[in-house]
Amino acid sequence: MTNVISEIRKDYLYNLVLKGSRGDARKFDEYREISIERDVIRKAEGSARVKLGLSQVLVGVKMQPGEPFPDSPNRGVIITNAELVPLASPTFEPGPPNEVGIELARVVDRGVRESKAVDLEALCIVPGKQVWIIFIDVHILDDCGNILDASSLGAIAALLSTKVPASKFGLGEDYQLPIRDIPIATTAIEFSDVLMFDPDVDEESIANTKLTVISTADGNICGMQKSGKGTLKPEQVYRIVDIACERAKEIREKFLEV
Amino acid sequence: MIAMDESNISFFKDGCRLDGRKADQLRPLKIEVGVLARADGSCYIEMGGNKVIAAVYGPREVHPRHLQEVTRAIVRYRYNMASFSVEERKRPGPDRRSYELSKVSREALEPVILTSYFPRSVIDVFVEVLQADAGTRTAGINAASVALADAGIPMKSLISSCAAGKVADTIVLDPMKEEDNFGQADLPVAMTPNGDITLLQMDGGLSPAELHEAVEMAMNGCRQIYELQRKSLVDKYSQLESLSQVPEQEAEACD
Amino acid sequence: MDRKVVIPGDLLSEDAKRSGEGTFVKDGQVYSLLYGLANYRDKINVIPLAGKYVPAPGDNVIGVVKDITFSNWIVDINSPYDGLLHISEYPKRIESDEMSKYLRIGTSVMTRVKDVDPTMKVELTLNDRKLGMIKTGQVIEISHTRVPRLIGKGGSMISMLKKELNCNIFVGQNGRIWINGSADDMDLALKTVLLIEKEAHTNGLTDRIVEFLKKEKEARS
């Protein structure tokens, strides 16, 4: 099932863009309103509900001891999963994650992993035998566009609220999961040579290309993902990166400074 | 289900349950209508420690087409638990339990839905358990019923659902996790406001007299829940109305 | 006018004869089928606050072509049921292989429901000069349950709007509204229609809209 978008609607959005405007009167590099609520799920070790405009995602973090991977015997494990449940959009269908869901989970995972936000070595319990496994589960509740940025924000917010459940497993007292960086993903679409950040559903449906840039607290890039069947020029990429880092800094300072 | 004799005493203290409730008392209940933008109807419910959200899509086209019925809408109900909703992380996706709960929950709602109004279509009900604390299916049915009304689906009435249980040889209303895990019986019920039962399940052990008491108690719980379901819908409308009054008041202030 | 918010199953009257739209009769009593506003006149009607559009013969609707078969355009009409626009319902004679030349996928059309059979097969027509393809202007979508308010009693609201807004407006019963005029006029028309949607269930709406338009126009001039 896909959204039918009429040409007349496309024309309308196109004309708006030519006038330098968007459907909801935002600037091209402006985000919708963000709100983050932490510790909303008592059964999870950490959780966050993020609202980005009308989009809503819920991220839960669960931790349990398990075996390390053979090639990294002294490091904890992060497993990120995303459920695009059919509750969240008329276009989502029940069933195992499709390529969109898997891509989303992997990009969220990339941000957490490549920023080294979590000190995996600190999660070793018995070298080669037992380490902490962190499950980051992203649950999309309402897809009104740009759920990737919302999910990524939810993941780091949930990790920031995570308590390691050591006592539950007889491993000492519970303690706050140490977080060393705050990666922020920002996404822009390209439409008629105009770059628009934080696209809503309509904008996503007319865009050919989307670029997500994940940046760290020190202003470096730790992950990117281009998606969509269109193309980008290098200048467009650099411009997106510049704005992405600015927006990320603002979001980080406003919502997530440790 | 195992009756744990030595723990019987700990279920009650001074005539109250672990969370301070009386035997025939519901857990705190909160219902919000229209919480999702994309769905045609939606409802968020908290029943004690349960946090459940329900969305309704439709009536809409049926995919795959061979499921279509020429004279009526089909109803689909998907009960799903978020991985982080339970103590031990649950593997994502459906399991045998969720299939069964989806089926009985759907059948709890179908008696009141006027499916003949929408031939060849489907009414999809999606229920996501975000936090589980015993009684998720009843919370899901309560939310789903309100979400159906919110979506403008024609129905003969709402459906309300609640369980009764037996712990330490006492019949209790709306068991929480501890009572459910170590109790002697669990009996979820769903019904119309007239008292027509649309869902009934039971596991554990009850005498006929206890069964009678448990059914009556659960139905009493349903009646209380119905009042709050009703209120949540009426309140949503009043909110709409007060919102739309704002421009008028502003206009007056300008004059 | 006596109005009250009701939910499915609410008792509305002891008199079965008063059963109107959105109600059902059981044991001689009238109950609501819907969540909405009960309107008490001779008959009691319940106007839903939400719900999907179900096509009825004679309805004007705005559709979007979503597929083309050998002799039909399949048209999304914002409903659980797609509309079928048969090639013979196009105002002029065309051949099957030229169908996409006239109405492509993604094209919006102002069309009318010609017939609906009991299995909800919906046939559309373009055979009326008022109907046809949409090439300019804007289409906005509101809940179809608000359309009666947009039209008003005997068309009072919509004629007032057309006059005051200086725009062409085509109201689809399916909640899609076409507006055509100068950019500024369209902007105001858009705002006005959305305001009517938002306040559809309040009393004294027409007066408020007239007032709103007066203020907006003063602000512009």
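Chains here go by letter, A, B and C, matching the order in which they are written, and residues are numbered from 1 within each.
Convention: contacts are C-beta pairs under 8 Å (C-beta built on N, C-alpha and C of every residue); 3 or more make two chains touch, one makes a residue touch a chain.
Since the model is a prediction, treat every value here as computed from it, not as a measurement.
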Reference chain C; chain at largest CA-centroid distance:
A
Go through B-C and A-C and name the pair with more C-beta contacts between its chains.
B-C
Between chain B and chain C, the Cα-mean centres are separated in Å by 34
Note: chain C sits from chain A at a C-alpha centroid distance in Å of 39
Which residues of chain C are in contact with two or more other chains?
none
Can you tell me which residues of chain B touch two or more of the remaining chains?
60
Interface residues, chain A side, partner chain C - complex:
4-10, 12
Chain B - residues contacting chain A, complex
36-39, 49, 51, 53-55, 57, 60, 63, 78, 80, 82-89, 92-94, 124, 126-128, 130-133
How about chain C: which of its residues touch chain B in the complex?
5, 7-9, 22, 24, 26, 31, 33-36, 48-52, 54, 80-82, 118-120, 145, 195, 198-199, 201-202, 208, 211-212, 215
Residue numbers on chain B that touch chain C, as the complex places them
40-41, 58-61, 70, 112, 114, 117-121, 149-158, 192-193, 230, 233-234, 237-238, 240-241, 243-245, 247-248, 251
Flag every residue of chain A that touches chain B in the complex, lowest number first.
1, 40-44, 47, 54, 56, 58, 60-62, 64, 81, 83, 85-90, 94, 96-97, 135, 137, 139, 141-144
